[in-house]
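Scrolling down, you'll hit the structures one after another.
In what follows, chain A forms one complex with chain B and a second complex with chain C.
This part shows the complex of A and B:
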């Protein structure tokens, strides 16, 4: 495409609205307008210039702010819909039927529809991911489309601008002053004192400050892209571990997801606030709410398997003791182990007596370790008890057999065979909590004596190598928004035209009031023509002349 | 006097100070003939001084309560909402010092007063921290979020001044309808305060047993007359009012009753105010907004978003993620409160892009600022009270 040559002699890229050097309007649109559009300095943007090929069309689609905002709105609405009912991961179900049943039971037809439209797993749906992907694409393309030409034209700007550029600025003034040279000199000095970078060339001043703030939006977009890439990286194996394990008191087990590391649960403690320690301040709250938990703590010891040791061998090296608390995870080698859940008082051992039913005499006792029950218990006096069946989570009889619904000893039941000197062939008995069944009338019975319980800690194991990438993304984003939002790019042009009039114009990318305040201070020092703000019809004109103060 | 009592007295002092300061800002506007005088009005300066005294007393409430409980008072609805009111005043002071515009104070302080009144309707006793909240991040995350949200809220106040000033209240229009809807909503909040306080003073209590959504038996106490009954309720205090209807288990009939009471009382209040004023409430306030410079209000609204957006991002997203990773083992879990923080963030991101590139200034920008405030309040009120999640602390 051909270049556009400006009257000042500068060659501008095709599509330029305002000459990069002198600011003369080049396009018909710019020539006709009263106030020039200063966004991106009237530079040539790819998306506004090339519109024919398919690549141009894709580029233009994603570089459009209208499209960008529409994508933001779509993500926003989808996110909001996802909060109407609980999402999949908060629902106590595992199968599709289970989910459907849950949503239908609680929320009726709307709930069923919510499930069927896939809204119950909104944030993992393919189209939500596509939306986020489109957002990322839009961020990248829209930024490149703008930042490159903006950089070029801010770099090339000349001190003296064409009067047609000056006259089309939002803040503009022209007039005669007593001594032009003196005005310019004083203005230069004052602008420097106001921390402007001032350039001066025969009778023209360009004062500029905080140009770096113009790069803020692009810096924060880079931060967002870093963040989104961090999230994408979690899909790669090794970057991200997320496992959960239940560890009983006294147990020592390999840490799920962290090969080579072994964890021992020494004790789990649940502590509540007591009235004594907190009555003075918290008394009323404890009265009202009942128990309030103070801490969940798992005391653990972390071991590392020796290098080269065979898996399962006992060569463990102690790494450290630690008390895992909520908000205080155990940290090692990039892993974090969190206190997430607990179960109190799971049955550990049960002790029984073998008794003679008629004499109620005990023939001895035995203890069943519920996590590792023995086959035979020898009571030492010629009597033995054989365990024929063990049902840790007994849930009634199914197909003529006792049935256990899980391997967790929530409701243990046993079939014992009692071999005694009187009945060497043995008697069978089915024993469950508060229940004994016998096939025939027995002479002996197993009587429950005692039980020992223990607590279980629910731990979550995480390793997330992407965290630092995410943190970097957040940091860059923050730098970008602060840079772009807490500073303003301001420019003031003052020049003498060919007839000896003085022209003044100013531009800022935001906060025009503050810019006007600066100009007012400048006019107090240097004799400069009065200006107008063409977008503020309510502007108090007398304010510039310094009307008398009206105190009430 | 123990610290907790001192603390609540200080809160009361600041409440009164804000009321008095509002009157002074009103005086500043009434007495000024011109824009210039309005900027430098003595009344405005006195109003600012009283506001600052109120704010310091409010800070006093905050730190004495902190000293009493041993943790930053940001752990439940009362504490959070009070802090929100406090920071709203703080943000106003900051912007008043930059722009010196009394009309902003005349609208910002009443909103802060309504917010503080709303806060005191929640249980105000000092509660010990549950394990998940025991972290230095409680203070860092919540206070940053509160500051961010209150600066953003100032943009809505500036938007409100802009709209009240510029909407033609003599002709029927969509804008007129919606600005009056905003006024009505504010009166509804007062309705909530009035109805809760009345029944509270009467010591009203009605107890019920019911079956919750997990089909387990539960108990509930109403502090307002039960218009609606919980699922399969049975009255334990039969002498009290019998609910009109029984509701399905997913709806909290107690909260719904309270909502309906607020709307009823608020509507009566609104009708009374209309009868007294004989014109829309927005028209009543219009003369007070007339002296504000529209361009200035627009700039304050925009500037508040520019200042508040980074703070909000830092507090409600970045610090939130860091803490969520410490406490819940994941930095993001699509908890409703998290999602609504993201929605707020996306909304203001859209606001900024529309303003920068589409030139949405003036009325459009003012309306967007008001909607942003609605989203923030939705996240504060509805998400805590209606949508259950990890953040439901009240």
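This part shows the complex of A and C:
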């Protein structure tokens, strides 16, 4: 690829539209155009120039704004489709058949299709991830491809431009003034007063302000990339934890997602507003609904495993006691444990009497702790009760044996052996709620007396190390937006041509109205030729005084 | 000069595209936020007590095979495979393969009743706080890990097993 040598002597990269230095139009398109395309300063966008290898072709693909916009549209549409029906995560099923059944039952054929096309797990699908990855690639490559040439050509720009460049600007004026030197001097002074950065070189002025505004979009893109990397980091173990667990009162359990930590639930309390308390605020509502919750609290103790101790070992050290309240999580080592849910009144203890069937006389009582039952209960008067079988969630007899369908004491059943002074060899009895079975007719029976319940706390464990990265990404993004939106890159060129005419041209990347106003102010101080906004010629005419005949 | 520049451009573009492609591939393949143990991983060490109060540390069995079975008394397939394990336990103990079972946090008495009822003699470790269950990321029960003499997981079985299968699995981790 050959370089393009401009008449001014500067060598421009292949594909350049306007000479980086003097602004002469170089391409046929630029030469023919009335107003030059000033995007990227007419510099050569690299992507458009080299098309040799496969790598260059891929590069050019991602550099294209059209492709970028298409990718954005695809990501948006896919994300939107993902919100039509609940995602996999929210569906109470575990097997593929279960999922299919769920979607078909609730949403019919469309639901079935939704499942079969994989939309039910949209955000984890490989193609969604590929789309987001392509978006990131497009942002990075398109930015690099534009910011580098733009930076170079803005850096290389010369104060004196070629008249053909001036004439092709949207704002252009040409004319004779009484004293060129004085006009230029005054213009320089005034432009400086208007906070322009002024460069002067024999008979030519380049005034420039707010060039940094041009970097806004690229800063914005850097923010986006930081944000996407933050989201990506969530996939790496250790950066992001979002788990849930149930913890019964009295239970001590390893904290899901936080290895090395153990949590004990001391007590769960659900407090409601009393009538007196809430009379003012909730008075009516309280009467309507009966109860309004005031607070949900789990009193916990946090334990940490000793340094170097193996998982599962009993060497735990107490860290602290804490009352987890809604929005007041237990905090430790980057983790937050939130109060999320609760279940009230699960069976905890059951108290039984050992009674003589005929006399209905009690031989004493004993209490079974359902989460830690004993093998033998000594009633103290020569009678004992042995636990022969314990079925916390009794669900009938299977294969000739009582069957428990879960370890949760929803429907406890027991096989007890009653040893009494009368019957030292013992009698066996199967005891379930509202049911007693005996192998042979017994003299003694176990009678249910009382039960105690306990509550269960639903806790959520969260850890997010990427939060600050996301925040930084958002901040950088916003800075980029502000930088590009609230400032405009403006340039004013004033120069004397070889025949002694004064030329004026101006360019801004947006807000031409303000630029024209600034030029009008400038013309009040300095004697300069009238200019015209060539995209909107009518607009300016009445406001300007002076040499207008050249335009008529 | 121009040639040199072109080479640099090609190299830098290739490098950037490769990095981005690698990141996308990583994002697709890393499905789980918690590291799930897979075949070939080193089995994480732990320490649990059995029903008699004897400590068992996984790394103590280094140089020998370990058949690590997670179970619960309410789970029918767990119950079904236990007698098969019992049948093979003694033979393989002599051959340097140990059967360790881990109960996932049930009451101790419940486990004892189960053991006595089924007449089981292999060590039954008690994971009271469910620490080892979480460590091994146990979802369905029973789940069995085959750990070879180097302490590497050679297979994860997430279902019940027949006696024949158990025999083959035990044999597969027998130290040579």
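Convention: the second predicted complex is superposed on the first by the 425 of 552 C-alpha atoms of A that agree within 3 Å, B and C clash if a C-alpha of one lies under 4 Å from a C-alpha of the other, contacts with A are read in each partner's own complex, and residues count from 1 in each chain.
Rule of thumb we're sticking to: a contact is a pair of C-beta atoms (placed from the backbone, for glycine too) under 8 Å apart; a residue touches a chain by one contact, two chains touch by 3 or more.
Fair warning: this is a prediction, and the values are worked out from it, not measured in the lab.
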Which superposed partner A:252 touches (first chain B, second chain C, both, neither): second
Residue contacts with chain A in the superposition, chain B compared against chain C: B
First, second, both or neither for A:335, with chain B first and chain C second: neither
Which superposed partner A:240 touches (first chain B, second chain C, both, neither): second
First (chain B), second (chain C), both or neither touched by A:218: neither
Chain B versus chain C as contact partner of A:487, first or second or both or neither: neither
Partner chain(s) touched by A:407 [first = chain B, second = chain C, both, neither]: second
Which superposed partner A:262 touches (first chain B, second chain C, both, neither): second
On chain A, the residue positions that both chain B and chain C contact, one per complex: 242
Residue ranges of chain B in contact with chain A within the complex: 2, 4, 31-37, 40-43, 68-70, 99, 123, 125-128, 130-132, 134-135, 137, 213, 249-250, 293-296, 299, 302-303, 306-307, 309-310, 313-314, 317-318, 321-322, 325-331, 333-334, 336, 339-340, 342-343, 346-347, 349-350, 353-354, 356-358, 383, 387-388
Chain C - residues contacting chain A, complex: 2, 6, 9-10, 13-14, 16-17, 20, 23-24, 26-28, 30-35, 44-49, 57, 72-74, 76, 105-110, 112-113, 117, 127-135
Chain A to chain C touching residues, read off their complex: 1, 50, 53, 55-56, 58-59, 124, 126, 129-130, 132-134, 136-137, 140-141, 232, 234-237, 240-242, 252-254, 256-257, 259, 262, 309-314, 370-375, 387-390, 392-393, 398, 404-407
For the chain A and chain B complex, residues of the former touching the latter: 39, 65-66, 68-69, 72-73, 75-76, 79-80, 82-84, 86-87, 89, 106-107, 123, 242, 273, 278, 280-282, 284-286, 288-289, 292-296, 325-327, 329, 336, 338, 340, 460, 462, 464, 467, 470-471, 474, 477-478, 481-482, 485-486, 510-513, 533, 535-536, 538-540, 542-543, 547, 549-552
